[in-house]
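This is the structure, below, for whatever I ask next.
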């Protein structure tokens, strides 16, 4: 993988382009990445937009390395679940009904396809968006549709990107699993690295659900979430952990997108 | 109307708050404004996000003056129409189906109501969102719903806010009507004022549709739009015009929101 | 524009034709016009079907002049809004949810297209139907659909058809704008002209909203509408005003439909 | 059953009332009847609106006898089926998708309930509307909804109303069943009686499907319908048959509505 | 009609096949039958799954005679109606909303078509599924779709299959009509014949609605159904009646399916 | 956990109960379990209904131990994905659109709640149903709904139930992860244990995808699935592995359901 020529940050943003510039990008075979986050509680120390911030920053890092434009971030994601994100009872969170979310993502992807983009990446960093994101993309790009356009779906920002060695270094034997690590070490560390001014480190806490079963219950009993919204040991986060996690994330994303959409017989690179 | 205490810009953004801070804002009676734009062609000289940029900037200006948080901007709006915006054929534009758009806006407003916000403003700056925005809000806040929360709907950024004297000064006897003035003097001037770095002034052109009838036709004949996407005399735009228009817009919005949601018997002001 | 040969009134009505006659009309290139109204309060002196009556009468007048059949009037329109029509609280009104309305109009237009009509006019006379009518037509006749059929969309009966000179004569300096003139001078005068037996002139009143802002609020405060449902000075209406307005309306509609669907290279006229 | 005081025809039409008059009707306990037809082929001799005409005329007859207003006729019904109505291939027919139809009927009934009507009759005269009409009403008036309003659903105009003795007199041993008797003796006779000017008696034919099985097939084979759209012996129709059938229909409807909605403990009659 | 070679029972079940075996069946032109029942009260003596059991047994009998696979039975049907099935108030019943039911049936049929089946039978044994079943099939197999696949729709198990002579023998002059005969002689007799172990004959009762009008009312008055859920004289049922009814049903179904999908120019038979 | 009194197998099946018996079960506090499977390819050696068979057998085992009725199995599940199940291209598979699936599951759960069940378990054994199952349950049992009924959601049959020691014993160091082990050792072994007559052991194969990335692509490239539909080493399956896996599954399910719905303060047990 060879990095693309560095360009001004602003020109990676589809929103900042004119339609003429967008046409040029499409014609040269540029990709487009749709970052999807959520507006969901992340404890007393992280902003509601944690997931949107992370995917947007990741998208920018990718766009420094590959010829990929960044579509406007979808800032609202699927309704939070008590076990994995605290649920809809925390004030300030805005959760989409999955059917609304799917309609939105399908519509955006369909429009990008209609515009002529052939290399599309949908990158969601919000746990509750999983499956719904894939399904929305599937609806937008049905098997019988003509054309060669392909849409890559990445439904988790950290789950498959952070190396085991990095997790071992950070968590040792105390790794609760990503599903449980909400608003805790990983996310706090990452934000301390990529947007430190948005972390209220002094309000960070350690917390844990009383029960974290392998099944779910509707309506969720109160012990399925915490009062703070932090689900693990957020105070252990450090910017250095964030730096290491982020390096893994960016490298894995860049390599994956390059391999799937640009390299080999399908290779394309702006020069 | 008395301006609120100046606070750091970042704290106006709901996305940047923690859920604890959001709760505090709700409890003190803060409002929340949802800016809605579009990703639509605006000629060879303005970015696709023109409408989103304008409402977001307007929201920030309002939030400097009233105790109103800004929800994440809805960056995608309804599908462009050939007569008023050029239509869906321009590359790079991403238009939502109105039913997707309505589901999204309804969902966001419903969630803000559920969180406890009682003063909500939905501000759309994209022509094709009209009626759909109101309907979405109506679905979210039905007449029989309990509670005292109220949602203010503003479906046009310039249409009712810019003074006639300002228009007269800018256009003289050559005022084509706002519906026709797409990507032209008003929008170019405004962006030159609020985000000048995003205007490619050197690519600005004057253009006009061959026909601009008072009816519409589906599918639209080619003469209903232009090849450039500019529908009027964009080259006449100036930053100074932008400054005057913007002053009118911000004053009208602030006064209206204050009157409707904060003043009088319903008055509330952060102190 | 040359008037078509006068035919018996009944034969303009698609509903009155047999399928064999409908086939003949389609084969000779006849147009079809779908009148859309509403069942909405129009004060104590006008019938609930005011909007449906007006578009149906207008359709008949057009059908006297052009080879256009009249489809059964869609008698129910979108839910009334307090500011512009009084809102849903007036007894007797039946408002469709816009999503129901759009499904209905889309379905009707799609069927007319399937039957083979190539010149279709959708004429709505109800303010709250705007945008929803266009969108429904767009869904029925998508850009990628094959064929040469075209659908003309007219979303306002008076807004673009009545000459300024006529308004000046009637209103002088006291023109409140069409959006506000509900159940008042224009509509009362028109019905006095086209269906005088349905006007209860003795119950006509003058009234006005306490507030008529350029924004909207949900739920609407009571001062956004009136107790009578009349929004302006209905008592000033006269049959003579109605005659003048109607002459403008009919001429504008006929000319527009002829120009767009029949004249020039696309010209067609029954002889 | 005692007939109501004769009133002018026009005052039975909800569309012709003002909202004040509608309110009075609601307050005195008047019923409201929603006639539902279709725009469907009925052979070379009957108009496309046969079903809508019949239910509208039936509604008028009922309204002469009971204190029932007539809502605007729903002129469009469910898509025709080849076996029972000829199917969608006949030009001029406009069939609603059943989901559109159900949304429309549900919406209209819901609005009448919201207006305060407590005695509602939904009368459909189109075979393909069956079940969908009931379901739409069920959605509008759910078992858990509060209030005493009741909605009567009549899904066939002739099926349960015409006496066996009348059918015997007309058909003798040659009764093919109502499902098959489309655009034939019953309908032609009825229209000759209620709206004779709309019958092209000279174009009437006898016809019959090659196959009329007790199952259905999608897509329907051509032998499931006829080329004329007449499914039986239309030439045998007479105005006198129409008079007899109609007398049965009107009496049965009036008696049923009176029994179900007005008589006994729930009795109400305008005086 | 020549019976197919007897094969092991299990191989008629599509669910029991591997995809390779399913492919073989499709390639040889096998049909597939989708049995649809309901989970609905059938009195104190018959199981909730009466309708599903009957169609599944009928499907098995057909599959002994024709080269037809049996798809997994759709065990849930449309919401019961008080007049015809007792309605939704009986515990244990699970009624689908018709819109859910239609989506399900459409989806299943569409998938069978996609898999390559060209002879599909949809057989519903639940009264309230009528019309919705046909509509679902119509949506799955639209007139404009390519291909030669045909879907046969049978919306009633007994209505058109049981000979008049059989009914006469069982009911004599006491035939209330199939619509009324719920959980009574026909169904009890049939289950005594096909699945006798599931009949609680000792709890069988005779019962009847106080009123059984030819119209319907929403919400239904209590006298439209019975307290037991039996609507007629269930105690008169006998296994022998069941045997006779069943022989008629199986013969009629087999003959019909063979005639419509296998014989004549379209004939196909596994050998 | 104390096993319930053994009862005849048939009486665990809700479908086999009369409504009177269902009422008794509801009144004594019985639970109800909805098994959900799929009709999806499982290689050349396992039946299409593998997932439905497994959850149904698991449900029966649970019902031997707890007072839980078994609702009719939902035999159709969400559309297969190429990476995890082979995708929709294998003949014989019938995949529901997730929106259809959600509507179905929501409707069934809603009806069980309406019937009065307070202990509901939804058990899905099909990978692609995940998230959609939870969402459907959430829609059926919204947080604001009244009542004490609780719905337990189990979205994976093996994922959280099989002990690590069992997996280690079976797979040693060759564990590809459950997502990849489709139609392979786990499923083949289980069916050899619970329904051995349905396994075509002689057709069993070992196979593997060429690529199994941590992202997905739409449309999926061919190397994301295999030609056989087996994704791992199915030939290594043994009935003894099946017995061990099954023992874990049944114990984990029973313990979980007992703990969540019956024990402790909410304890209930048939005696």
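Each chain gets a letter, A, B, C, D, E and F, in the order it is written, and its residues are counted from 1.
The rule is short, and it goes like this: a residue touches a chain if its C-beta (ideal position, glycine included) is under 8 Å from a C-beta of that chain, and two chains touch if they have at least 3 such contacts.
The shown structure was predicted, so the numbers you read here are calculated from the model rather than taken from an experiment.
Compared with chain B, the chain whose C-alpha mean position is the greatest distance off is E. Two copies of one chain, chain A and chain F, form a contact in which over half of the residue numbers belong to both partners. Our note on geometry: chain B versus chain F, Cα centroid distance of 49 Å, whole angstroms.
A straight line joining the Cα centres of chain C and chain D is 27 Å long. Residues of chain A in contact with two or more other chains: 88, 99. Viewed as a network of touching protein chains, the structure reduces to one closed ring of chains, two contacts apiece.
Residues 10, 14-23, 25-26, 39, 41-49, 52, 71-73, 75-76, 88, 90-97, 99-100, 103-104, 106-108, 111-112, 114-116, 197-198, 200, 203, 229 of chain B are the ones that touch chain A when the two sit in their complex. Against chain A, in their complex, chain F makes its touches with residues 79, 81, 88-89, 98-99, 102, 128, 130-132, 134-135, 137-138, 140-141, 143, 150-155, 159-161, 213-219, 256, 260.
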